[in-house]
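Each of the two complexes below includes chain A, the first together with chain B, the second together with chain C.
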Partner chain A sequence: EDAEGERLRLSAGAAPQGRLLCGPGLRRSGAGLLVTTCGLLRHRPGGGGAFWVDSQQKRYVPVKGDHVIGIVTAKAGDVFRLDVGGSEPASLSYLAFEGATKRNRPNVQVGDLIYGQFVVANKDMEPEMVCIDSSGKSSGMGIIGQDGFLFKVSLGLIRKLLAPKCEIIQELSQLYPFELVIGMNGRIWVKAKTVQQTLIIVNILEACEYMTAEQRKQALAKLSGN
Partner chain B sequence: PGDTSVLAGLYGPAEAKVSKELPDRAALEVLLRPKVGLPGVLERSREQLLRQTCEAVVLGVLHPRTAISLVLQVLSDAGSLLSCCLNAACMALLDAGLPLTALFCGVTCALQPDGTILLDPTARQEQEARAILTFAIASSERKVLMATTKGSCSVEEMQQCLAAAQRAATTIFQFYRNSVRRRYSK
Partner chain C sequence: MAGEVKSKLSKNLLRMKFMQRGLDSQTKKQLEEEEKKIISEEHWYLDVPDLKEKESCIIEERSFLRCEDLVYGRMSFKGFNPEIEKLMIQMNSKCKEEEIEEDDKMEADVSDEEMARRYETLVGTIGKKFLRKRDQRVLKDDEDEDAEVEEGNNTRPSKRAKKMFLKPQD
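And now, the complex of A and B:
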């Protein structure tokens, strides 16, 4: 764990062979690396070796390739403006949906929720999103259906939920069946059979940030006992 | 010590107004609200000092055409207010995860009429002192980011105060580290 602006010396275990990947939270400065955010330093030995800093934030900064949930705020000609929680609205062309042609336009209204990924996202340009992947298939992206509940959590919780074999999701799926869409911009959309079940899931997910694993198991046991 | 408290809130990088956006870096703005009354000239000058200190550490080039707003609300004032604001600003920047090149902390020194140096004086000690110096000290090699003086003192006395402040800065950085560690241990 590190403060910032400190000169780090890599431990002897990290053999610097070949190229070392520098992830979020680290910057190259001169001959060494500078830590720019506070958090836990993580290391992945696979491939060429990667270092990054795991930090907790609530504000999202668009990154290319991230899957996010956006809210349509305006239709400007051929392009939709989406609010993704960053510093400027993202743009989404109406042709970037599966099976969309000039004659066959997708039915998108202002206020709809869209799940897509960034194809352009750097600090100098306006971010652009698409709802198809590189082969032209939608693979789960597109307009999110009616009903359901959208809420915002911190980015650290999102990363925890998106990790493979996340315990929270497994435990929740034993409670009730539900649909879940997780956006890397901190937004989660949930839909269960009744409004009450949806709200229960929302409350558990929001509280997961501050609960330890035992507290969570206790809360879920209390709920499934009812 | 212990009675001055400032609440800091940081918002950003958010959309900036076209009149305020800078093409190559983030536009940082600081708002300082006193406990009672409307913000006056003293608050404005402190806001500018804080803004220049923060701009020196924040990597604004990573977020061009955005606005970063820091809002500080004084909850209680019992002396050493400016350094309390500096510490609150640094913790807010840390907590929000904004990219920084270094951390900074604020230390106030009061120079008594008999020449002794008091660190982090209370309001009464500030009034009796001959001069009050506030330093913002960076975490990398304890460099001085900002220095402001009220009253008069000689150059040697200022050097002595600076050395004492740099030593005190270590304690404050340790406090930052402990707070962050507690937060990430959950």
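And now, the complex of A and C:
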């Protein structure tokens, strides 16, 4: 397969065995691929091979299957309107919670934080969210509890934090007990025992984007020293 | 005379089922083909060459989740939220099945041996509850067998004979 622009040869010689996954930042055009965003081209050889472009963005576009943090802005009959940071507010039905029935409604107020996933997310329709997975279990989704702090970071940092064995998360987890919810729409919610601890974690996570590993370790050493 | 009658009958009549029973397969096929021709000529179609469907080996995906191996977004550390910590282990070890097995072993309150012992006696006691009267009597006789050998000797074989199914001889 070739990539447009300067016609790079992607796979070395042999034809791909199975279907090639072309991820965000790439489009199919004719027999090759077109690059639509600027960034680093990444390749994953496992599972039939996948190519995508690792680009830096702050604006989130709803994608089906993504887990995001939404803020409830309105209740309209049977449906909640959530702000997920996209172009449109997403809708969430009150029945899309674990153990919810017509009589047993979830206790959701305006201003609550909800962790859910998209079931419908394309450019033609309003995005829809649910707080249960395909087997009907909540598996961690639903209303996020009281207190805590919500802040916004860029999408690139989110992906770095969600990578398996992320150093930042591992180093932070050594500091003190806390709880963290990371949404793919750039929003992170943190809760620790005291307000001061919460704010420290927030500041580290925000600054992580532009710090090198060395600087980060120095900052953490100072904190644990205190 | 039959031939003359046939030629004067209308086509529609000949198409009816009861007239076709007598026909041989060839004429049947001819009639069917003629019908199909009429129907297909009435249909409209595009006089455009067929576009070959591209055999694409490329799947387009807009989510990073399928490309990169991302962990679950909800996390808790140092026991802040025990439910979420359990969930973390569950979600993140879907690829590693060994860890799940280990967790199951750790969480067992009752050991396997004790479970087997209890179950042995349990089956007997609960099973007795659902026996019908007849069966209960047999059970009681079986239990008393060891204690009193002579009593009920005559009745038992006949009862047993009644219980067993006698195959009817041919």
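Rule of thumb we're sticking to: the second predicted complex is superposed on the first by the 215 of 226 C-alpha atoms of A that agree within 3 Å, B and C clash if a C-alpha of one lies under 4 Å from a C-alpha of the other, contacts with A are read in each partner's own complex, and residues count from 1 in each chain.
We adopt the following convention: a contact is a pair of C-beta atoms (placed from the backbone, for glycine too) under 8 Å apart; a residue touches a chain by one contact, two chains touch by 3 or more.
Since we're looking at a predicted model, the values are computed, not measured.
Visitor: Thinking of the overlay built on chain A, is A:176 touched by chain B (first), by chain C (second), by both, or by neither?
Guide: In the superposition, A:176 touches chain C alone.
Visitor: Using the superposition on chain A described above, determine whether A:137 touches chain B (first), chain C (second), both, or neither.
Guide: So A:137 meets neither chain B nor chain C here.
Visitor: What is the contact status of A:217 with respect to chain B (first) and chain C (second): first, second, both, or neither?
Guide: Touch status of A:217: no partner.
Visitor: Could you let me know whether more residues of chain A are touched by chain B or by chain C?
Guide: So, of the two partners, C touches more residues of chain A.
Visitor: Just to be sure I read the superposition right, which of the two partners does A:22 touch: chain B = first, chain C = second, or both, or neither?
Guide: Touch partner of A:22: chain C, not chain B.
Visitor: I'd like to know which partner A:50 touches here: chain B for first, chain C for second, both or neither.
Guide: Once the two structures are laid over each other on A, A:50 reaches chain C alone.
Visitor: Which partner does A:159 contact after superposing on A: first (chain B), second (chain C), both, neither?
Guide: second
Visitor: Should A:75 be classified as contacting the first partner (chain B), the second (chain C), both, or neither?
Guide: Neither partner.
Visitor: Mind sorting out which residues of chain A both chain B and chain C touch, each in its own complex?
Guide: 1, 27, 61
Visitor: Which of the residues in chain A come into contact with chain B in the complex?
Guide: Residues 1, 3-6, 25, 27, 34, 36-40, 55-59, 61, 86-88, 123-124, 210, 212 of chain A touch chain B in their complex.
Visitor: For chain B, which residues are in contact with chain A within the complex?
Guide: Interface residues on chain B, with respect to chain A: 12-16, 59, 62-67, 94, 96-103, 138-140, 173, 176-177, 180-181, 183-184, 186.
Visitor: Can you list the chain C residues touching chain A in their complex?
Guide: 56-81, 84, 87, 91-92
Visitor: State the interface residues of chain A toward chain C in the complex, per the touch definition above.
Guide: 1, 16, 18-24, 26-28, 33, 42, 44, 50, 52, 61, 63-67, 115, 139-140, 159, 162-164, 169, 172-173, 176-184, 191-193
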